[in-house]
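First chain A sits with chain B, and in the next complex the same chain sits with chain C.
The block that comes next holds the complex of A and B.
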């Protein structure tokens, strides 16, 4: 691991215990995030991308168990920290998270200001209400909310989705964290508002030198905000590399297929490609590659043994049995 | 023309107090005119609150429009009731965004698709079920699955069932209201391809309601862009995407994130400041004027006229009007 990594996730396995059985949601994912870098975790529903995000802030639901692996934040395994240490030292102050639905971030019975002042008091220890209020206003200005005094006194239902998401970002950043996890932060927003929020996140990243993990199902959004992209499928990392490489020269058959599925507004294609079949059931163990039943290139080995992660280029990793033969370096 | 929408208005009253006094209106759709040809895919695009779904609901006769007329094959159906309405419903069907909400959870898949056939055509039970199973097979649902209930279907499968039900009566127009918005991209591609195949097989027309311009570009012949209850631009798909005229359309198209690094570098994004104002008290003049990057004084004073800039490509903006 290089010294500049702010976050290193090694061989993470996460299981959900349900009445129907154990769901193996994340199956051995490793992440290396350098300081100031932004990584997008891309995948379809059920790929495990949000689960990883929740695990990094240690906010998995009670039935979600980290079965194996470590999450090193500045070389400290946060999975070994006590809950008290986690909330005192890490959550909010070092690592913060923004969710898809900003309305769920806020309590409908409290104003934005009440929530903000609580967070500022708890995380920064600012007891003086006047000073906390001023800090809150500063944060709302930082996320370009017009009329911050009015926003402070507003209840969540009085703000639009876009404004509420800005407020949620302001709350998440109010204790000056170094790493921001953004879980589908623009999915519920209209495209023109999405464009505004993406611009905001890009600006904040630069100004505050934030490192960022951005979770999305939209490769277009990933292209927009991220240095690097990791493609996840059924809890398994399939491919990871610089955004340009993944988008223009992907090696994994799934990444290629996924890119072909997407209709483009910039040009018209005569027929969309699609991936036949459906996602595997995460409760049944797979012996080989989880994509094998849907893959055009599948060979005998693919159903027998899981593919190892191979380095195929500069910071470009692929988990596919055929990677070397097909892609090369 | 298959369908003509003439100066359609849909205002929802806002009531207050015990007497339910009307204190204002939400002008969800405010004076919209457009037509859909037979065997054509027409799309209405716009963001939340633009009124696109309200237009769809007026056409489906789920709302009674405040003003304006709806002509179907030249006949006025705006206030149609009774038998005539039943006839209209046979020819105009719908597929909605969330298939789990639009399929009855207490009916089996086969029942769901057979019901409209039994209800509207007077064929026997055996024949209706035979037709239903055939339709289901056509959309990719096996006989095995047809015996099950909607809860045991995946999102993509449920949407296929909703599509089978919609085409069961061989309608002339199918209203597709965000049909793929809740699906993952790989499934979305399957459903879009299916819709495209059915369209040519059955020679229907589609009215697609969508906020996703990439999907719209892929499937439509013509596109209408809505903003705050108004149709601001309309044209053939290629013209509209290659040469968007209205500042709102330009912003909308340039806001779409594309999974292509080269595109991001070439394409200059036009961002609109702020957010759409409320449809209760829309701004005077052009509705985009408080956010428009090319605002002129005239825009605040008067509503822009509809101008035809090239054949079939109309825009409602003062920049193109000869004053």
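The block that comes next holds the complex of A and C.
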């Protein structure tokens, strides 16, 4: 384990208990994130990427259970912390999160300010309402919201999606966390707003020297914001490495397919490309590689045994039977 | 919380139309009943001539629309008529029996929410536990128990077998007279507290306990069930998880944020159950000889006392409309998205 790692997730397994059965949403994912680094988790809907983000702040829905693994934040396993210790020591001031749907992240019956002041009071211990309010205004200015006083006193239904997402970022950052998890923060916004929010996150990351986990289904977005990319499929890690390595020299067939699917203005094609087939049912155990039914290069072994994670380059890992092992550094 | 004057005026206007509608419907219903109310007016030993004169005096010999017209004219000049049963003016009789009913129904609603909402929340938090099962069974059984049956049963048990509580009336006359109790507002709990009359207060509370409990059962079960379902729904919403993930302690999220989300619709639904509770109050008042508007109406109905029946029905309609307006305003103050 590298000494500068702020977050190390080891062999994480997460199950959801539903009426139809147990959904094995995350199946043995490991993450290593260095201080100040940003990692993109890329995957299709249902790949388990959001579940990992929720598990890191211990905010899984009641039916989501961490079955196995550890989440080390500064070498402390936060899965072993009590709910109270989590709220006192970790959430807000160490790790915070921004969600996909800005309208649903805020309680409809409370103003943005009420939520923000509660976070500031609980995490920074600022009991003086006026000082907390000033800090809140400062945070809203930081995320470039015009008229912060009005936003402070607004109910969620009075603000636009883009403004709400900025406000959510401000609330999430108001107790100076060191690690921000951004769970598809731009997916539900208009395209023009998306670019603005991405720029904002990039700027904040530099200014506040945040470590960041950015969850998205869009490899193009991933390339723009992050140092490193992890490709997730059916709850398992397929490939991980530096962003430029993944984009220019992908090893895993799934990563290559994903890259082919990014529409480009320069490439004139009559139809959008896609990967035929769909994710496997996560309720039934898979014996081999979960991508085997959709993979062009599948061989006999792919349906029999799950591929092991191989190190194929400098901090470049791939889980595929076809990948050639290289001495990792 | 945008409550404007326009809304209040609109509701007041609609109240007028509600009352007009209620009067017309009640008037027609009482008149088509095959009854001879003039016999009540004249008494058992009347001659045929006296009965005929009574019919003319009461306008019973005229067509129904003429009778209705006479009634409206009287109503808007403040004359609500004289009860054929008691020979007393209707309006003062109703006004003097109103506090008894309001005191009973309000106590029942306070009891219902004070017990029902915490029950629902504790069931939702411990979903699937023993507490949850007990609350769920209680809320279904309680809501489907007939009010009159429960009232009789509790009266039998507590007043007759156990002898713990008095079975009827609002206050013991002997205690009231001997301690110099004066009903000022008609709300005996308030009156006795204002006068510092502890013996009367205790007696009043002892007598109100059973009817209020019986009456509270339906709204209590309704609010418990709704609170449980709503709490479960709200707890699964994203904003609960995001508030916790941002660092607000779980208990604060539950008791400040989730609670308000749950209470807003529960309060709104209680307004609807108010009508049911008034009907329940009629039965409870008869069984516990509670001199409220329910008791008055029931007695009037049994003796075809037309002016008294219509007068009481108008009052119930007004109370129902006012309570629902009040609950709408309350709902709007809790939920900023509701515009009135």
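Simple rule for what comes next: the second predicted complex is superposed on the first by the 319 of 329 C-alpha atoms of A that agree within 3 Å, B and C clash if a C-alpha of one lies under 4 Å from a C-alpha of the other, contacts with A are read in each partner's own complex, and residues count from 1 in each chain.
In the analysis below, a contact is a pair of C-beta atoms (placed from the backbone, for glycine too) under 8 Å apart; a residue touches a chain by one contact, two chains touch by 3 or more.
These figures come from a predicted structure and were not determined experimentally.
Annotation for the three-chain superposition on chain A: chain B and chain C fit side by side.
Once the two complexes are overlaid on the shared chain, A:62 sits against chain C while remaining clear of chain B.
Between the C-alpha centres of chain B and chain C, as viewed from that of chain A after superposition on chain A, lies an angle of 80 degrees, to the nearest 10. Of the two partner chains, chain C is the only one touched by A:123; chain B is not.
In the superposed pair of complexes, A:217 makes contact with chain B only, with no contact to chain C. With both complexes superposed, B is the one of chain B and chain C in contact with more chain A residues.
Touch criterion met: A:108 reaches chain C, while chain B stays clear of it. Superposed on chain A, the gap between chain B and chain C at their nearest CA atoms measures out to 8 angstrom in whole units.
Annotation: chain A has no residue touching chain B in one complex and chain C in the other. Looking at the complex, you find that chain A touches chain B at residues 44-45, 146, 160, 162-163, 190-196, 198-199, 217-224, 243-244, 247-248, 257-259, 261-266, 268-269, 271-276, 278.
Interface residues of chain B facing chain A in the complex, by the touch rule stated above, are 47-48, 154, 156, 184-190, 192-193, 211, 213-218, 237-238, 241, 251-253, 255-264, 267, 269, 271-272, 274-275.
By the touch criterion given at the top, residues 54, 57-59, 61-62, 83-84, 87, 91-93, 96-97, 99, 101, 104-110, 115, 118-119, 122-123, 155, 157, 168, 171-172, 175 of chain A touch chain C in their complex.
On chain C, the positions that touch chain A within their shared complex are 235-250, 252, 256-257, 260-261, 264, 334-337.
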